[in-house]
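Working notes, structure below.
By letter and in written order, the chains are A, B, C, D and E; residue numbering begins at 1 in each of them.
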Amino acid sequence: MSDLLEVEALESGYGRIGILHGISLATGGHNVGLFGPNGHGKTTLLRTISGVIRATRGKIRFAGEDVTAWPARRIVELGLLHVPQGSRLFPDLTIRETLRLGAWPRRARPREARNLERAVAIFPRLKERWNQPVKTLSGGERQMVAISVALMGDPKLLILDEPTLGLAPRLKDELCAAIRQVSDEGVRLVVVEQDVEFLLDLADHLYLVNHGEIAAEIRPGESMNHQAIMEMYFGRELGPLT
Amino acid sequence: EDTVKIGILAQVTGSSSADAQESIRGAQMAIDEANAAGGIAGHKFELVVGDVKNGDAGDVTSAAERLLGDDDVHFMLTGYASLTNFEIDMMAEAGMPYMLAATSTQTREIIAPNPDKYWCCWSLTPSFDAYGTDVTVLAENLAKAGKIKLKNHKVAIISSDNAYSKTISEAMKVKFKAAGWTITVDEMVPFGEVNDWRTILTKVRQDPPDVVINADYLPNNSATFLKQFQEQPTDSLVFLQYAPSVPEFIKLTGEGSTGVVYDLLGGVINSPKNPRAIDLSEKFKKLYGVDSGTYGIGLYEMVSIYFDALKKSGGDPTNHEAVAKAIGATDKVAAEGRIQFDPKTHLSVQGDDNVPLLFFQIWKGDRVLIQPDKFSTGEFQLPPWMSK
Amino acid sequence: MKLSGFKRELCGMILGLAVLAILPVFIQDTYLRHLLIMIFVYGMVAASWDLSLGYGGVFNFGHLALFGVGLYTYALLTKQLGVDPWLALAASGGAAVIAAGLMVIPILRLKGIYVVLLSFAFSQLILQVIVSQSDYTGGNQGMVMVPALKLGDHNMMRDKKLAYYYIALTLLSACLLFLRVFVRSALGKSIVALRDNEEYAVSRGVSLGRQRLLTLTGSALFTGIAGGFYGGYFRNTSTDVFGIDLTTLILSMVLLGGRATIYGPLLASLALTLLSEATADIGVWRPIIIGAVIILVLLVYPGGLAGALTAGWRRLSAMRTPRGQGAAINKVAS
Amino acid sequence: MTVLGQILLSALFQGSLYAMMAVGLALVWTTIGVFNFCHGVLMTLGAYLAWQFVDPEALGLPMFVALPLALLVVAAIGFALQALLIRPFIGRGDVVLVAVITTLAASSILKNGTLLVWGPRPKSIPPLAPDTIALGASNVSAHQLAIIAITPVVLGLVWLFLNRTRVGLALRAVAQNEDACQLVGMNVTALYALAFGLAAALAALAGIFFGGFKFMSPDMGTEPLTKALVVVIFGGIANITGPILAAYIIGLFEAVSIYYVGFYWTPALLFAVLIVVLMVRPEGLFARSSRGLA
Amino acid sequence: MPLLTVESASKSFGALRAVDGVSFSVEPGELFGIAGPNGSGKSTLFNLISGIPFGPDSGRILFAGEDLAGRKGHQIARLGLVRTFQRETAFDTLSVFDNALMGATYGGKGPVPEERSAEALAFVGFAPADFDRKAAELSVYDRKRLMLASALALSPRLLLLDEPASGLTKPEIEALIALIRRIAATGATILLIEHVLTVLLALSQRLMVLNEGSLLVLDRPDVVVRDPRVIRAYLGDRRHVA
């Protein structure tokens, strides 16, 4: 079988401002991790892949289809689910209602009950806040809901944009284990994450995104350690920080 | 050969657009006739419309200023523009011959204190005083003639909070009281749409009066009122102000309107005894496919009066003073009766020999003119819901 | 550096007003002068509304009620109490300020659409009060023969509206200066801060209540005066100023002109009035065309006319940095 | 009929009309998050289209064909309106305000378009039920009774749809976060269209109610819209139950007040009560702190 | 005398006791860390202390010996008790300079707000060339710095920082730690909520852990992180304490 996700020379941006300048990557049989400085296009890349914004050039193939020009909802139906960065979700809906909407894709409906069980098993806290509007949840709780919504969509490929943002350490570990488990059940991952440990735990294939390009790559099997990554960070120009 | 412009103010895009359209059609009909006949005193005419929208002060002023600013406009007219008629002042300042109709009480209030200042402005509508007094007279006369019975001399008066209805209903109350009647229900509804009159009708029914009056002139409200009255009628003469004269009123109220009485001042005397009115009504209908109410023929007559005045004053439309003076001296039998103007108020003179107050009764889809006798086309009949 | 920016603006403003001041020499036509007077009046109301709506982010739908309060204050004082028209004009501003102060109370804790709804209810209540006091206010039919403004022995009726033109222009100048100074001050920035993020602003020591009060009363002052002038100019009142039509017109000016610009609404007042006159002869098509133009402009230039102008200006002067006002206006958050 | 009966009948009748208008407004707000000032003119269009289909001078179709046809066409118009007036501005911070002005502008276009197409002369359409029905000592028009009976049924169905179906849930979600909707696979455009179309159809139905007992004029939607606004302010715009309850309460309040206080003071009294209620419960009498359709 | 004393502060949302009888005090000049699982009430505690948007249901909060009960949010800020927010917040349409100016004008003491605003901006590292940029254009870290500058413009005596490091890259976190140290060196007292342990451990002199709205442990950081209750509720038993 070919790659589940394959991105080729992708370019996109907002209005006339180009952000991505020809990015290529592929999942192979692996979980992909993306990292790099803030504001260099990781989120933009994920949004382009999931169809929320249009690619201006390049190609995206998912599950054997050329989805480059597809609207997000059709891509979702193929099993690509994207947990956006810092999502507000649906502020006025309760957790119960939000998860019900998570099972919107037709392919996910038959397994709605199972997926719900899985989500609640991973985040038991959700049950405690079951009928609370999402906007009143703490930052971490909201992140749990966001991930659960994607799980309800019965993903083949799960895209996580900074999933640990604002999560307490223990929860990070639990989340990491849970995502591992999801991955072990056959769901491929694309993860963007600032927490290097977390990224190393989940991804086999790392890309460094810098200025809208792939600046470096650590292929599966190559040595991946904290030190190497830190060097990659510090070795380059760091944008707004200097 | 030049073209003289005649400016008309109308609520083209406002809530009274039906009256506006009719007014414009009436004026246009007169102008087209004159032009077809080769013009008046060597002049051809053209109608220019000023849209006063809903008659807001700003919109009326803007429309009037625009027409006043056009050097070719030498006569202006309206069915009604603002209802407060404040634009009369603008016309006086600009020295523009101006004719208007509708709320003559307001017109009189502006002109009467200083008629000379308003030399240019004349109202086709006569004084509204008779609206306030003559319903009482009608009821008492009908009783005298044995056509209805007055059991208790009680009257229910319902009105709406607008310049027209309020002036009339206030005067009615004074007159009825003076004639020894008791007012059982005295309700004023805020101006605007009323969908449900039941609660007020409930009050009326608790002490059934001899006469029920609704002075709200909005046809919609009036029709709804009539329908809901018919749900459980009292043994009363029903009098509605103005609304039943609107051509579509009968269609909407259907059978239920048979027996209703209304009156008109400055309305078209559609009677064989006034052939001009019949003639004009037919022409209007032929031309536009619909009947004219008060304003179509009313504005036709205003333009005719202007044309006559122009001729009489020597044919110079730019001589506003001469033309306006000639208008003031008008003596002409028109569709509304014999038009003469009262120099003190600049309103047309009211009376059976001038502009009469016309009483109509709707009967099986027809508007029967029951008074004055001079023009009447039929007799008052006992409304179906009343007992002998 | 900041000062020089304001100085430059001030020069521009004075230049613009000077042009307007000599305009009557060339425009002798009464009707055109009348149009300009209306543009000034509507411009004042729209620009003042921009203060609360554009800068303050307060969706105050009772703004025209403040205009109405000014109008009726003027009319009642001059006609019923015989107060001097100029005093009454000043009082109409004061009354609108007081009304705005009252309006703040119910909307203080509210946001967004609730402010729209409640301020609408508030304006309806004022309307009901005026309508129900018909012995003094003339109720629905309004008041006629309201005393006009007077300038000594000068005959205001026979000067082809010259005096009214200059009075309106003077009021407009004062209004513009007031609004621009207001929004450029720290106070003006603080109300923008509240709009951008209320909790954050409070956490920086900005008082929500005081600033809202200042915003609304500030936007009421010249709105009320414009209402008083309207009364003195037309010499009658009508409750139509509380109606949806006028609100729509002025609101279109604010949005079409571009929010949070002050000048934009003024520009739109000019544009809309001229468009309305240019189409005056086509009857029913007029409102259709005006409506379509409003929608089209908003579709093409979300920042309104001011946004369109700045965008055009930027394109002309390429040396300027690409980050400019236009983009910021587009981004104005609710 | 007793005084009480008349007051109740009046309250139910007025309440039904108010509710039918207000619920569409609230629906658009709760789903799309904007205030639709076209709502009044959509009602007008409903009435005029019904006239076009049913009147012997026009197409002369039977009422049971004309009515659904009119609702459908108005729903389609509603769909087109949102695509043009609202959709392009979604996602901008000031969409609430821009939508106010675009819908006001469109309402002026449509109102005058109606004037252009159908002319200013008043029209009327046949009542839903032509006869009168005896209730106690008096006869009540069957059309009005039909309005009283149909309204709760229609509104009940709308309520069930919004609260008991996943699509209803999606309608509530769509305005809150468009990105998130796309990412769970919703067709955002279709949902917007559905919300607006449904609201438009409800307005059209109200128009057909009105046209059956009153003259129609191009301006006929203005007053009901204002009234619906009041109802919505009173009931809270956060869901549709609030406005429905508020509609009947206001109907009752008015009927009682007209009888005991008089018609003249009733509007002022209503607004005074309204302001007091809003001072105490700023988000409406029945509003919960958050948005929802329940 | 402690600068801040919280006496059994509580806040409930319906049945949920978000903050449940928490008491502690903070000495002048102290750097006081707060940790706890997601939804444990940390941000809510900041709300109660700062009065933005609400104060406690019950309990007392004393600042420099003064009871804060009945004071509005902006009044508390003017006393020198200043907070930041969990997500980076800015007045988007105002310039960088004006963002800081708000704090200087409305909360600060001293005659020339413009000067203090410029000072605060310089302190967190903005160059005068940046002063005219719109806040909306800034990157995440710059926005965080700006939020700090606007707080510093009030010359705060007590600074409440809610997760300042969330979403930052490692290098940015290092820079942030240095910045907070410099702020502390000016004599300001700091309360710091953070999930990034390195930050907490590097900075705080005492560390409080909340759990389900109540105080779990309050002690020196190295002691706290070894506490089994903290490990169970918050840290989890993996490598975070390294």
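Quick note on the criterion: a contact is a pair of C-beta atoms (placed from the backbone, for glycine too) under 8 Å apart; a residue touches a chain by one contact, two chains touch by 3 or more.
The shown structure was predicted, so the numbers you read here are calculated from the model rather than taken from an experiment.
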Graph distance between chain D and chain E, where chains that touch are linked: 2
Chain whose mean Cα position lies farthest from chain E: B
Distance from the mean Cα position of chain C to that of chain B, given in whole angstrom: 39
Length of the line joining the C-alpha centres of chain A and chain E, rounded to whole Å: 30
Centre-of-Cα separation between chain D and chain B, whole angstrom: 36
Centroid distance [mean C-alpha coordinates] between chain B and chain A, Å: 75
Shared interface positions of chain B, touching two or more other chains: 13, 161, 190
Two or more partner chains touched - positions in chain D: 112, 115, 222, 264, 267
Where chain A touches two or more other chains at once, by residue number: none
Interchain contacts, given as pairs of chains that touch: A-D, A-E, B-C, B-D, C-D, C-E
Residue ranges of chain C touching chain D (in the complex, touch as defined): 53, 59, 105-106, 109-110, 112-114, 116-118, 120-122, 124-125, 128-129, 131-132, 244, 248, 251-252, 255-256, 259, 284-285, 287-288, 290-292, 294-295, 298-299, 302, 330-334
Parts of chain A lying in touch with chain E, wherever the complex brings them together: 36-39, 86, 125, 129, 132, 136-141, 143-144, 162, 165-174, 194, 196-197, 230, 233-234, 238-241
Chain C-facing residues of chain B, complex: 12-13, 48-51, 53-58, 61-63, 65-66, 68-69, 82-86, 89, 93, 106, 109-110, 161-163, 166, 190-191
Of chain D, residues touching chain B in the complex: 1, 3, 6-7, 9-10, 13-14, 17, 112, 115, 119-124, 132, 137-141, 210, 213-215, 217-219, 222-223, 255, 258-259, 262-264, 266-267
Complex interface listing, chain C residues touching chain E: 186, 189-190, 192-193, 195-197, 199-209, 260, 323, 328, 331-333
